[in-house]
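For clarity, chains are labelled A, B, C and D in written order, and residue numbers in each chain start from 1.
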C-alpha cells in the first residue's frame, strides 16, 4: 500500500490518513504479540507502544481537545502512551515500556480502529487548527513507522536465532560503483530552512541566510566496500582518527564494525537486517554507523562531514520523493550505488550524518502548547542527519528536514557522505 | 488438577509425570504470548523460558543421554534454554532471556508435547539411573512452577494497570490470631539432614548430628498486623534494628514496606497478588519480605531468627503435605493464622527465613555430572529458607528441604517465624 | 606578581615565561602536599598534576624535541603527566591521577625548577618553531592556572570543614545593579575568528564571515539576585523551562541551586569560594551554573543565550584585558555589576555560556603533530563559552577565544548573559 | 618497638597503651601527608583516617563519657572520624574519606598526643567499665594497625612507580617445603568459643559445643608454588572449580592471579609488597586471595576449606603469639613454609579462609551501647578467617578470634589451608 503524494496537500489529507494508518499496521503485521511487546533497549520502544502512542496523539490533541463529548477509549492510556510531553502530565517511564504485556496487541489494534472511526466521523467538522494537527499527527506517525522498523530490527538482532521479519529474494550481485567524484557546492550567501509553504516541523524554520565557503560533496555515500578498507587499515584501532568521546566509546563498547555486522569463519562479514543475516554487500552504502564512526572515517579519508547548510543547499533542487524510501511493508534495504553524473542518493537509502550540532535556527520559535515540546527541547548534544533512509516513508521527506541523534547512536539506517574544502 | 501423592514413589512416577507437567501448563494458561515472554528483572525469567527450560532438562539428561536415536526438537534450544550448567556448554545470557520473542509460546507448547511423547514412549526401557533423573526432573519442574508464579507476579506488578491473573473471591474477614506463644524445641544432640530414603536434593544430606541449646519457636509466623506495628514504630527508619548490609539496602532502595505493598489514600495499605490489588489482611502471615527485613523485625521484637537446625528438628514429625500449598492453577495466597495448640503453619503459606547461611552440610558431596551443578555452586552469600509456601506444589516439600536466596531478595512468598533462647 | 602585557609579543616572551611560571607556583603555595595530591572527581585533576603536566609540555615539545642532549628529569614522568596526547604513547589513566601520592609536591617543584633552568639556558638557541611552542606552552600553562584554581575549589568544597584557601576581607555591600538594558548588536554579514596576528589556538580560526539577524545582548550578566527570583518562581521544578537532557540531569542529581550554594537556616543562601563559605551577594553575577541552567533561566526570562558569533562580533572592539581577571594569587571573585552605558563585564568575572555547540569553523585545520590534539578532537557534545572569568589570568583572553565544556559541567566560573531577537 | 605481652592483663594495660599507640605511629612514619590522605578504594581508608579514628574511639567512649570536664580536641572530629556507629550520630561518608586533605597529618598527630595525655592523666581515676573500654580500644587500634598496612599497600600498588614503604633485604632462597601432610582433627563433641577469661570481642562467644565428623587439616597453608600449578592447569579458566558468584567475579574483573601479582616478560610472576615489587617466592604461603579463589583451589585440589569449628578445635592448644606476626614497623611478609611434625603456621603469616559464614554463635548477645555495633551488624554475606597474619600485631591473636570479609575481598594477607573428610 504505497502512499501516493504528500500529506500536506489538504484535499488529500483524509485519504492520506487512511493510507498512512494502514501502512503502520502493515509494518506490524508480521509481529506476534510478544514481538510487539518487548523493549530491547532504553532507546527503543515496543512496536505495540508505537502503535498506541501515535494513536494517543490523535486522540488527545484532536479528539479530546476538539470533539465535544468524545470519551477516551481507555482512561489509562494517557498515562501509558504519552511519550515525553511534560505538559500532558505524569507518564509511564520510558525504560519500562517493555513491561506492558497488557493491553495486548489485539487491544491496541482495537484502540486504533476506535480512534480512526471517531476521527473520520469528526473530520469534516474540525476547525482548521485541528486539521493542521491531523497533518502533524500523520507526519508524527510516519516518523514512528521508521522507528518501529528500526526498533524491531534491534530486538530481532538480540535473538540468537536471528529471525527474519520478511523473506526477501537475495539481491542481484551489483557492480562496484565508481570511485567518489567531488561535486562543487554553492558558495557565498545561501538561503536554507523551510519557507512555511506546506508542512514542516518547527525546527526546520525559519528560512534564513548563511554563508558557505568553496566546498564539494562526494557524489554518493560511502560504501560497505570502502568501509572494509577502513577496517582493514586499522580504522577502529587508531585513536588519531577519532573524536575524543568517540574513542572512549569505541574502547568502552569494544566497537570494531558497524552495528549488526558479524564476522563468521565461513561467510566473512555479514550483516543483519529485516531479511535476516546475509553477507555484506560491498556495493551498497554503509549503514548503522554512529556519528563517531562517520567522523573517524572522514578523518581517515582526508575529508570531513558536510555541514547541514552545505547539504541542504545542494539538495534544494532535488526531488525529495526520489531514491530508496519506504513504499510498502517489506524489508528496507539501501540499494547499491549506481553511476550518476551529479549527486546521487541524496534522498533515501541512508540518513547522512552532518557535522552540524542540532541547535535552533536564527529566529526559531517552538510551536505553542504541548506540541511545542516536539523538537526544541532536544537541542543539546545531538547531531543533524539529512535526507531520509530506505526506512523513511516516501512522501515524508523534505530538503529542509532535520533529523537528530546522539553521536553514539546507530540503530537507525545511518550512513555518511564525505565533504571537503576546495 | 491436584497432584496426588509424592513423586518419589516409583510406581507412581509415570502418573506423576503427567500430572506435574499438566499443572505447569495450567499455571501458564492465563498468560498471553507477550505475558510469557517478558523478563521483568534479571532475577526473574519469562514464563516461556520456564516452560522450555524444564523440558530441556528432560530432553537433555534423559532423551539425549539415554534414548538411542533421539533427535532434539530444535538444535538451538540447548543454547537458549540451558540455565546455568557450565558443563553443558555456552548458553544464552540470563539477563537476555526476555529478548526471545521467538520461539513463540505456541512453539514451546509443541516442544513440551514432543518431549512428553518421546519420554512416555521411552519410559519403560529407561535404565534405573535415567528413571532417577526423571524423578529429579519432576522435582526440578515443581521448583520452576513456583518460580513461574512468582516471576509472573513480579512482571504484572510493574504494569500500571495492575492486571490480575486469576479472579478470586475476596477472603472472608478472618479473626485476628492469638498472640504468639513460644513452643520449646528439642535441646542437646539432634539429627538433621535427609537420610537417603526417597528423593531429596544433594544439599539436604548427609544426615548428621548437631547440638541445640534450649530455645523456643513462635507457634505461628508473624502477621501483617504485627508488621504494621513494626512500620508504625519506625522500623524501617531506625538503623539499630538492621544488619549493616540491610540498612544500606533500605536506604539505597528507599524500602519502607514489604514488596508489592502500596499506601493509597482511600484504601490504606494494599498488596498486589495474582488476584490483583487488595487491602492487606492483618490476620495473614506477612510475605514478600527480605532476610534483612525479617532480621530487623526479629531484632525489633527482641527475638531472633531460628537456625535451620532448630527449624528442621521441630518440623521433623509434622506432615510436609499439610498447610496451604499449591494444588491447582489458582491464586496462591497465605491463609490467615488460626488458633493451634502446637506449631502452626510450619509447612506451606510462607517460606520462613532462617538465620543460617546456605553452606554445605558436613560430609556433603555434590552429585556427579552436570546435575552436580544443581546446588553446591550456589553456596555463598545466600540464606536458607524452610517449609515451602502457598506457591509450592503440594507433594514437593520435606522437613529437610533447603531453599536459598540472597538476603535482599523478596519476590518469593517469604515470611518469618521468630525464635528465642530460653 | 601581576603579568604585564601579553605573551605573544616576542621580545617579552622570556620575561613572560618567568612571570607565568611564578604565578602558577604562587597559586599552589597555600596547598599542602595532601591538598595538591587528591583528585576530587574525574573531571578535575590534582594541583600537583597540573604543576607537573604543564612542565612536561615544555620538557617534551621543546627540550626533548629541540635541545640536543637533554636528558629527562625522570623517565617515568612522560607516563604520569601526559594528559591526553595519544600520539605521545600510553599514559596514566585520568581517573587515577589522584593515586599518585608520589612524587611529592616537593619533587614536582624540583622538576619545575629543573625544566625552567634548562629552558632558559636553551632559549636563545631555539629555532623559531620551538619558540612558538614556548608561547603555546605559556598559554597552555595559563589555562591550567585557571583549572588548578577551580579543581582545588571543588576539592575543598567536599571537606565538611569548608577550608578557605585565602582569607579575603569581606566585600563592601554593593548597590543593586540597574535592570538589564538591551544593546543592539551588529546585523548582516560579520567577520569573526582569529586573523592570525599574534597568538591564538587553532580552533579560533580561520577568520570567516557569518550572517547575523537583528538581535540584542543584555548589557550585563545575570545576577545572583535575579537567580534567586528564578529559584523562588520554581525554576528548578518546572520541566517546561528545560532542555530534555537538562531536566533529566536536574532530576538525577537533585539540583536545586548553583554549585557550591547551600541554604542555612541562620544565613540564608551561602556560596563556597576560595575565601570559604559566605552569603550569596545578590549584586554579583551568578556563577557555577551549567549550560542547562543557563538555558533554563533564559527560557524562563523569555530570552535566549547568545550565539558565539553574536558574542564575538559585539566583543571585538572591547579591551580583552579589562574586567575582573586573575592578576595574582588571591581569591578569584566576580565583582558586583556596576552601571555602564554599553556592554559591561564582557571580559572577566564569569565565562558566558553561548548557545553554540563547539564545532570547527569553516576551513578549520588542526595544528600538525601531537599538539594538533589540543582542540579538534573535543568537538562533540560541548558548548562554547566566551570572555574569560575572574580566574582567567589577565593577558590570556581574546575576543576570538573559545572555551568549551559539556552542558552539565559547572565547576568553572560560568555565568550567563541573555540575548534576544529584535 | 615490639609489644611485649598481651593487653588484657590489667597491670600491663597502661604500658600496653603506650606501646600500641607508639607502634601505630611508627607504622605511619614512612608516610607523607599525601600518602596518609588518599583513599584508594571504598573498602580502604586513608592512613590519616585510621590514626584519627582510633583516637576518636578513646576520646569518645572514655574521655567524653567518663572524664568530667573533658573538652574535645576539635568539635568537627566526631563527624569526620566516626566509622559506622549509627548511635553516635551522622558522619562523613565512608567513600569520601579521601577528600579530607585537612586536617593535616601533623594535626592528627597532635590530636593523638592530646588524647594520649588526657587519657594517661585520667587513667587512675577511671571506673572499671571505662578501663575495659580502654582495653577494647587497644584491641580496636591493633585491628586498625593491620588495616592501615593493607590499605596503604593497596594505594601504593596503584602507583605506576611502585614505591616501597620499607627497604627490605631480599629473602634467602628457601628450600621448597614438604608436600602437604594431613593431620587428623578431633571428632565428636568439641567446645569452641571464648570462655570469657581475658579479653575477647563479643562475637567470639559464648563458649558452646559443636559436633565434628572425622576430618583432617593440611599441616601447612598452600604455597605460591602450588598456586602456580593451579594457574598452569587453567584454574582461573574453568568454571567447574568455582562457586557461581566466584565465577561471575572472575569474569567481570578479569581475575587471573592473586592480587598484586603481575607477569613480566623478564621476571616471570612478581608480587607487590611493602618492600616493592619482587619475584614470587614459591616456598611462601600464597596470599592476597579471595574466598572465591581459596574455594576454587580447594575444589581443584580435591579438598575443601576447613570450618571454623575444625580450625579452632585444632588451634586451641597452640600458642597464638607464635608465628610471623607484626612486631615492629617493617615489611610484613609471610615466611616460607618450613618442615614441621604437626600443624605449622596456624597463627600468623596469612589469614586462613574458612568455609564458615560469619554468623552469631548460639546464645550470642551484642555488647551494650554504641560498641555493640562492633560486630553483630556485619553478620551477613561474609566468611570467617582465622589465625592472623604477618600484619597482625603480635599479642592480638587468640584461637577464638573471628575475622570476617566478603568473599571477593583480598587486599588483606589472606591465604588458605586445605581440609578434608576422612
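Here is the rule we go by: a residue touches a chain if its C-beta (ideal position, glycine included) is under 8 Å from a C-beta of that chain, and two chains touch if they have at least 3 such contacts.
Computed from a predicted structure; not experimentally measured.
Comparing the centres of all chains, each the average of its CA atoms, the largest separation from subunit C belongs to B. Annotation: 38 Å between the Cα-based centres of subunit B and subunit D.
Centre to centre, using the average C-alpha position, subunit C and subunit D are separated by 46 Å.
For the pair subunit A and subunit D, the distance between mean C-alpha positions equals 59 Å.
Looking at subunit D, one finds that none of its residues touch two or more other chains. In this structure, the chains touch in the following pairs: A-B, A-C, B-D, C-D. Taken in their complex, subunit A has these residues touching subunit C: 84, 86-87, 189, 208-213, 239-240, 242-247, 291-292, 295, 304, 307, 355-357, 359-360, 362-363, 373, 377-381, 383, 407, 421. Interface residues of subunit D facing subunit C in the complex, by the touch rule stated above, are 32-38, 40, 76, 79-80, 92, 96, 98-105, 155-156, 158-161, 163.
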